[in-house]
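Residue numbering begins at 1 within each chain, and the chains themselves are lettered A, B and C in the order written.
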Amino acid sequence: MKKSLMAFAGLAALNAGPALAQSSVTLFGVVDATLAHGSGSASSKTFLTNSGFSSSRVGFRGTEDLGGGMSASFWLEAGVNNDNGAGGTTNTNNQSTGAAPPAAGGQGLTFNRRATVSLAGNWGELRLGRDYTPQYWTLGLMDPFGSNGVGTSQTVNSLTVLTAVRASNTIGYLLPRNLGGFYGQAQYYLGENNSNAGTPAGSTKNDGSGYGLRLGFASGPFDVVLAHGLTRYAVGDFHQNNIGAAYDFGVVKLVAHFSFDKNDIATSGKGRGYLVGGLIPVGAGQIRLSYSRYQIELAAAKPTATKFAIGYNYNLSKRTALYATFAHVSNSGGSGQTLNGATLASPNDSSSGYDFGIRHSF
Amino acid sequence: MKKSLMAFAGLAALNAGPALAQSSVTLFGVVDATLAHGSGSASSKTFLTNSGFSSSRVGFRGTEDLGGGMSASFWLEAGVNNDNGAGGTTNTNNQSTGAAPPAAGGQGLTFNRRATVSLAGNWGELRLGRDYTPQYWTLGLMDPFGSNGVGTSQTVNSLTVLTAVRASNTIGYLLPRNLGGFYGQAQYYLGENNSNAGTPAGSTKNDGSGYGLRLGFASGPFDVVLAHGLTRYAVGDFHQNNIGAAYDFGVVKLVAHFSFDKNDIATSGKGRGYLVGGLIPVGAGQIRLSYSRYQIELAAAKPTATKFAIGYNYNLSKRTALYATFAHVSNSGGSGQTLNGATLASPNDSSSGYDFGIRHSF
Amino acid sequence: MKKSLMAFAGLAALNAGPALAQSSVTLFGVVDATLAHGSGSASSKTFLTNSGFSSSRVGFRGTEDLGGGMSASFWLEAGVNNDNGAGGTTNTNNQSTGAAPPAAGGQGLTFNRRATVSLAGNWGELRLGRDYTPQYWTLGLMDPFGSNGVGTSQTVNSLTVLTAVRASNTIGYLLPRNLGGFYGQAQYYLGENNSNAGTPAGSTKNDGSGYGLRLGFASGPFDVVLAHGLTRYAVGDFHQNNIGAAYDFGVVKLVAHFSFDKNDIATSGKGRGYLVGGLIPVGAGQIRLSYSRYQIELAAAKPTATKFAIGYNYNLSKRTALYATFAHVSNSGGSGQTLNGATLASPNDSSSGYDFGIRHSF
């Protein structure tokens, strides 16, 4: 790698004036490669994948100081499958019609993780574009594995609603950070259908539209948050409610969350799940532990998946870590969850898997 | 956002020598989010979209000083749909076979807006790659709305030829800038067919090939330009001719253009259009006004679309603006133009729409 | 182009401490545009393409100093079709099922050229992700035309195996650089099938998996390297063996390589090829010459392609060059190789072509 240095010329500098640091553009990213293995009663699978510890990505972001406490900013972040070079996929309308076909290799760098422009001031932040949904944050932040890799909580893995993690076409408001520990956000997202969509006309005009709300309180070692989300679909709305909490005792940080979902589709029903877990600092690394469970309440059965996960990561630096994770999922009531691409001979069989990898951020 | 600064290392620096600023690489872009609404007699639509004021994009560009007045440069610019994270699409051969299928979400960062390498000197610039066509510039530059958003001129909206705005595989020459106010360019683009393409052999070998010419004169507040373009298609060549002018009176900048197109397809015919408009500075913003009309002369009818558009943008800084645009299009003679995704119950109905958004550049 | 300068803020700086140059992120690339022409007995073709001299690309890469002689690094490099703005395609599993459909224009910026994360020390380098295969390097490096443009060696052009140049899901080890001139690497790549894939179960579980080995010795003007690769396919494994050497006499650098391939598919057979060539410095440029031949030994016939190529490049600077290449390929035994998109009326006809272009790197 060449060591020569140059200053980077950007349009951003044109109007930056003296406040250079406040009007910068940042190139950032994560490249996380994982050797993954999953085993099940029908088959096992070994593969090189990405994002076993942190989500692989490349992004550009920047902030402009507008004066008077106001700022404008942008954030463009793309998922990167660094095992094979392909990009992540997005969904343009929060409906099944808005997703790319699963053409292997047929996807380039897409800002599927986040694509937003914001105005912010002491009143908070107005944010427009593709972003995480408020109802996701509880599940992702209150999980020792942060929704990455084989250890991901079953409360996330069991959700199939398209807006479970992110939504496109969002209009969001975030509370300012100076509210004595309170934080929160409200988000509305559009399905972008014509007013006469569907048969009869107008029956599906709200497909893919919805909203999310989130309110939390953090103080010292303590953090608690609750969230609600609703996505409207012609086949039946999807309701999400969750609450999470964390307490950092120093020798261990305990986290837990509970999730109460409801699908208005006749054959679907309610879903209930929880996670309890912990992060234990050990020298230059940490041990991660979690136990998560998700049960769907159908009329005839209650498919239930229960996962135990344990991991260890060793930090070579703040940016670079080696990690290993093992997880095991048990199924009952007709559930058929598997880990790392394994397959089952029949429902209710169990599956296990591991990740072993390196995460490098820049 | 992290405030830490680092110098950016680039290969460009290796041979830059002392002339650092002349051999820099620039990361640039625009993130423009718009809440858009369109209404028509059959349906209305509300959605979050992009590029209501300026075209959303991310790009890399740079220039190398070769000495003796010569320079080499590159420009890679990709459209970004920052409402949902998807990328723009390109067309590889200026024909319908060269376009991506409309797979929702199935497109990553593509340098669809511009991908060129250039050699320049006091003799002008040789430019190779994907670029705007010369015949587009008249329509885009002499439009208060710059072909962005609901206010885009009907002289652009009514064109369906694939090279109306950009072409791939172009070989272009641009006049130098020191010609006493004269400016211009010539461009040839290739459809890239085999010499025996089509039936009978050779019948479609020129599909998608064409050229454009443009000559203008600008002096002080005055600017006038005319252009001609021809794209060859097996179904019939498409001819474009236009002339535009602008005069900046200070209190208002007036712009106008006229467009004379001809399609050699038997069922198509001539198209004639014009735009008159103005830009009125108001404090930290400006009012934008335009009236545009496009009429197609068929044997049996003359479909005609007439649009009135008014907008206001407030500049929070040179980089960041809030804006609102309203437009109304009237149809007659069987025309069915709509705004912002609305649909009509029958031709000749009218449609209106608005954009409300924020544009941030970097 | 704006000359204003700004420092570039990167997360990389957060933990860099004083060793700034050792923890930098580099934006790099090549934009190479070529006017290409091919002629054959059935048709000719003229087109603007890319990568006639160097592979067009855009990439990000960086290295972090971990102390104690250790470092972590990443490399994300995407092919760019700068004639039309589209991106390159990748293959996610080294099998035909892992390739994108050939949707024209339907591919964005994909890190198809390289996507890796590495740990390195005085023991060598561990590299994970998508990368060149070891067996390719002999053919690419020991070719005056470096596998770019119309002059590419027939020992590369004649290979159809998907891992001939690159593989996804690689786990690689590279020898350190301080071994007295010896260099080398070992690489294993995964096809990522389930253990019961195919019929009967397990029959195709190794599809797309394989490995490559490479060992070389370079000292002063002399460089010799040999490599072996094996990719497993259900239809029959593909074996590659090659040896290459170069000697720089100053007035001419001679290069040669020999390739011995074997395809276990019944109807395929052995392939044997070689290249001899030279690079002759001439003022600010160089002449490039090569003669290459590849013969497939089938039961009934021996299709053979023989190519002669000559080129000249004039360096306007270290970063920017003008170049021209001419090549002619002769076919016998049923071979039907063509150059630059030309087509043949019947096998055993010959084809010729030229490239004329500009290469600019940054």
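List of remarks:
One rule holds for everything that comes next: contacts are C-beta pairs under 8 Å (C-beta built on N, C-alpha and C of every residue); 3 or more make two chains touch, one makes a residue touch a chain.
Since the model is a prediction, treat every value here as computed from it, not as a measurement.
Under half of the residue numbers found at the chain B and chain C interface occur in both copies, marking it as a different-residue contact.
The best fit of Cα atoms from chain A onto chain B calls for a rotation angle of 120°, in steps of 5. Centroids of chain B and chain C (each the mean of its C-alpha atoms) stand 36 Å apart. Each of the following residues of chain B touches two or more other chains: 1-3, 5, 7-12, 14, 20-21, 24-27, 87, 103, 106-110. Contact residues on chain A toward chain C in their complex (touch as defined above): 1-3, 5, 7-14, 16, 20-21, 23-29, 31-33, 35, 42-48, 58, 80-87, 103-110, 316-320, 341-343, 357-358, 360-362. Contacts from chain B toward chain C in the complex involve residues 1-12, 14-15, 20-22, 24-27, 60-64, 66, 70, 72-74, 76, 78, 87, 89-93, 97-101, 103, 106-117, 119, 128-130, 168-171, 190, 192-197, 201.
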